[in-house]
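This report concerns only the one structure given below.
Naming follows writing order (A, B and C), and every chain is counted from residue 1.
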Amino acid sequence: MSAPSIPVIQQTAGRGAARAAANRRKSKGAGSDRRPGWVTYAILTLVILISAYPLYFAFLLATSDSGTIAQNPIPSLIPRGEFFTNVERVLSADIHFWKALWNSVIVSTVTAVSVVFFSTLAGYSFAKLRFKGRGPLLVFVVATTAVPTQLGIVPLFIVMSELGWTGKLIAVIVPGMVTAFGVFWMTQYLEGALPYELIEAARVDGASMIRTFWHVALPAARPAAAMLGLFSFVGSWTNFFWPFIVLGPSNPTLPVAVQLLQATYFKDMSLIMAGVTLSVIPLVIVFIFAGRQLVAGIMQGAVKG
Amino acid sequence: MRKTTRKMWAAAAGVTGIALLATACGSSDSGSGEPAADGDEQITLTIGTFNEFGYEELIPEYESLNPNIKIEHKKAATADEARANINTRLAAGSGLSDIEAIEVDWLPELLQYPDKFTDLTSDEVEGRWLDWKSAQATDPEGRLLGYGTDIGPEAIAYRADLLEAAGFASDRESVAALFGGDDATWDKFFEVGKEYTAKTGKPFYDSAGAIYQGMINQVEAAYEDPDTLEITAADSAEVKDIFTTVLTASTQDKLSAGFAQWSDDWQSAFQNDGFAVMLAPGWMLGVIEGNAEGVTGWDIADVFPGGGGNWGGAFLTVPTQTEHPEEAKALAAWLTAPEQQIKAFKSKGTFPSQVEALSSQDLLGQTNEFFNNAPTGEILANRAAAVTVTPFKGPNYFAVNDAMGSALTRVDVEKTDDIDTSWTKFVEAVKALG
Amino acid sequence: MVTSTTPKLDRRPSRSPDREPRRLGFGQRLGRWDVKLSPYLYISPFFILFAIVGMFPLLYTAWVSMHQWHLIGGQGEFVGMENFLHVLQQPPFWKALRNTFSIFLLSSVPQVLLAITIAAVLDANLRAKTFWRMGVLLPFVVAPVAVSLIFGKLFADQSGLINAVLGGIGIEPIRWHADVLASHVAISSMVNFRWIGYNTLIFLAAMQAVPRELYEAAILDGAGRLRQFFSVTVPMLRPTIIFVVVTSTIGGLQIFDEPRLFDQFGLGGGDRQWMTVTMYLYEIGWGSQKSFGRAAAVAWILFIIILVIGLINFSITRRIASDSAPKSRRKQKR
């Protein structure tokens, strides 16, 4: 059978079919580990370009100055030279930048670790352990995310006031320490990714519940845990409203501090975007670290190891 | 691989524990009294402001004048954020700063609860501010609940080059005379506008909403009855008249460029001759300069239809939540004294509301290069003195104003409704507030 | 998995046999308590924290909704369901509901579809995996001020980039800030931009758990990439698909930041073209009216709506995802 060439397929059946045919040919007979073709990379490049554009745009503005920005609403794609000048302005502005950076690191790290640990613990229970009330409790957990957060600010502030925690980082960490989202996510993931055979093997070997959790569930949960940790870290890092309300300017997190760069009637976009760019740099570092955790075939690792 | 995972978790758990301990005992918000070595009680006062008040140097100055007082300055970036913050803490019953800056726009709704704010009346500050300014912060029982900081007296900023191209004389004095000088009226304003637009085919001003605000702020009791607090806006012939006049001029005579102020389109319009004239308070001058970078030809005339108008301005209040009312009151009084306000003015351009400050040479001698070296200090001081009306703003003022803003937007900016339909919707929205 | 027999595709957890414990010694009795109590112990951290941080606000809101309650003035008199009735009679509320549903559909549906597609593409054995995989999450970290600036420049009615491009092609400019549907499209694109990468990584994490042997077996059976996707990946992803659909439903019905930043007033347009229910809630509670009681009523109505829609979506997704499972099971049987 002589198959039509890819360009012919593209002309007759369209790009989607051509893409499918190209991939089919590459993956046929060579297993699922076959390197994908250029079409895949083309699609991905497009996705990355769209994803990265706003950040690049912010960077472009951060390399410019307010005069140029006002006169050119759509900036050119080539960065100008003012980046380090603007960075210096951010660092020397009265916003406690370094303290805010450090605070954000503490808050986000503690939150992420805590969320991952407690969510995995709860998710493991909901997914794999049988106990009374499991179903309704899980539904209840999910339902709590349906409550709009705007109104919760006032009662939450009251609670923090009573505890004397206003102005302290703990007021930002504790409400975020374990989330319904995290519990739900780990439940769904472990349901699909942790086979009973592994658990039973450990139990047959005489492991207690906690040992089973530690040695079987946690490793199996790694990709999801990495993702949850990443999301929690990023979500906590970019959270503005609650830290703004409950912390003081002497103890801010990074978004609160960077927001102060807007405290003028005429907003200097080059300065503000420099602040935005700086706040993203630590996140990119975390991305690289977490991304490495997302490797293929964890189940193979669990079986062979 | 698994061993590493386990170690990683153990380490993470350890770090969590230590970090939690560290942060729980970490730095916190302001404390209160701690006895100092010399026996004088050491007090920390917190003051909350937003945007630019110009207090950066004043605060250390006060601290050096009063060694037993330490001041913590909490800034919010925008007035909106400060408002959300203050409302949350008022609702929660705790957490407000000893001094809170409040924007005049949302002062009335807070003043509905005068028991939340300390009475700041004192002989020391008697007569310090322009009458209409201190009236804004005085409750029905005559208690002064806020010390005025800055104001936003309006003049007319214009593009001299565009007016000239339309055949008008474009120097400041002529433009002021064009609108009627000290007897300028809105009718004259619209008349000039129609002439301009007829000659050039281009919009005269940027936004109907801005013109409407200028007009409605000259009405004594636009939306509510001062005695009964009943909402009268829906039935008010005066409001409807102003509404119709502005929108007719804006859309039918095409005087308005139809922008929502501060939108992207509005900002871009500065760069492409989008409009010739703007009602501009002092703080708007910096915005114009920033948006109109590279554009020459802006100037400002000492005139305002109806005499005077004010847009914006703030007050320092002392919430009753404070533990140090006397010290906070003293600090607020000092910060709003004419001398200090002038210093703030020089630092950040906040236009003083204090009578004495308005005659200071520092102020009157100020010029603005971007606006063709206009004597902006003098112009705005004249305009401030020309304000006669303190519009009554009761508990529903801003809800009605928001509905009005939407009504104007529908016709002028979004062009989805005609004048009558929009008015009908406005009436409905106002009736629902009851 | 543990053995070399054909791997089971059916992953319903309740299939595991229940082992009866034998005669119990003390150590084994301890073990039995271990089994019984552990689940409750493990979920307790969440519920304890939730009781303080989640439950209290929830109950407080319910309490507030039954009173006349001014945000600053405080608690007024008990009015029962009056706040609810008042809110339900307000045309703005229904407009907000219409807007919310429209924006929700325009955002959640493309999000789920695109996320699962991009995740499938990312699941391949790419070079520079970390770069591609983490790159899709970049939109999630851009601060709102930057996002609203950029999308503002794109969607400005007169000076925006999109209308400039459309004008260049000869199409009429779209009134993004005046037209109802256009504003929904613009806002949904902002929401999608932010969340697609997020959901993509969720799907990707789940796809990583799909055993490669299943793909090998499918390939040996002659399945192409697309067929593999629908017969192997999707069924294995069922719990995750349910998760994403439910969470994007819940999130999608609460969209607040993007429509709020769409214009300078934050009220959702002169005619409330793009005001969502959460915006309406915020306007009533924190805006000029400061009616905390009515805002709480709106919150509870929204909560109930979200529950209902969430449950509907949950059961739809479960049915759809499980429909593909029996087919592939049949296919795998030898």
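Assume a residue touches a chain if its C-beta (ideal position, glycine included) is under 8 Å from a C-beta of that chain, and two chains touch if they have at least 3 such contacts.
This structure is a prediction, so every number in the text was calculated from the model and none was measured.
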Higher-contact pair (C-beta pairs counted), A-B versus A-C: A-C
Greatest separation from chain A - chain, by CA centre: B
Gap in Å, rounded to a whole number, between the CA centres of chain B and chain A: 38
Centre-to-centre distance between chain C and chain A (centres being mean Cα positions), rounded to whole Å: 14
Two or more partner chains touched - positions in chain A: 73, 154, 259, 262
Residues of chain B engaged with two or more neighbouring chains: 84, 91, 264, 268
Interface hub residues of chain C, defined as touching at least two other chains: 71, 153, 159, 286, 292
Interfacial residue positions of chain B with respect to chain A in the complex: 1-2, 5-6, 9, 12-13, 15-16, 19-20, 22-24, 26-30, 46, 50-52, 56, 72-78, 81, 84-85, 88-89, 91-95, 264, 267-268, 270-271, 283-284, 286-287, 289-294
Contact set on chain A toward chain C in their complex: 20, 23-24, 27-29, 31-36, 40-41, 43-44, 47-48, 50-55, 57-58, 73-74, 118-119, 121-122, 124-131, 134, 137, 141-152, 154-156, 159, 174-175, 177-178, 180-181, 183-185, 188-189, 191-193, 195-198, 200-201, 208-210, 213, 223-224, 226-227, 230-231, 234, 237-238, 240, 255, 258-259, 262, 269, 272-273, 276, 279-280, 283, 287-288, 290-292, 294-300, 303
Partner chain B, residues of chain C touching it in the complex: 71-74, 90-92, 152-153, 156-160, 175, 177-178, 263-265, 267, 269-273, 286-290, 292
Interface residues, chain A side, partner chain B - complex: 66-68, 70-71, 73, 94, 106-107, 109-110, 113-114, 117, 153-154, 157-158, 161, 166-170, 173, 214-215, 218-219, 222, 244-245, 248-251, 259-266, 268, 301, 305
Residues of chain B touching chain C in the complex: 84, 87, 90-91, 109-110, 112-113, 116, 260-265, 268-269, 396-399, 401-402, 405-410, 413-417, 425, 428-429, 432-433
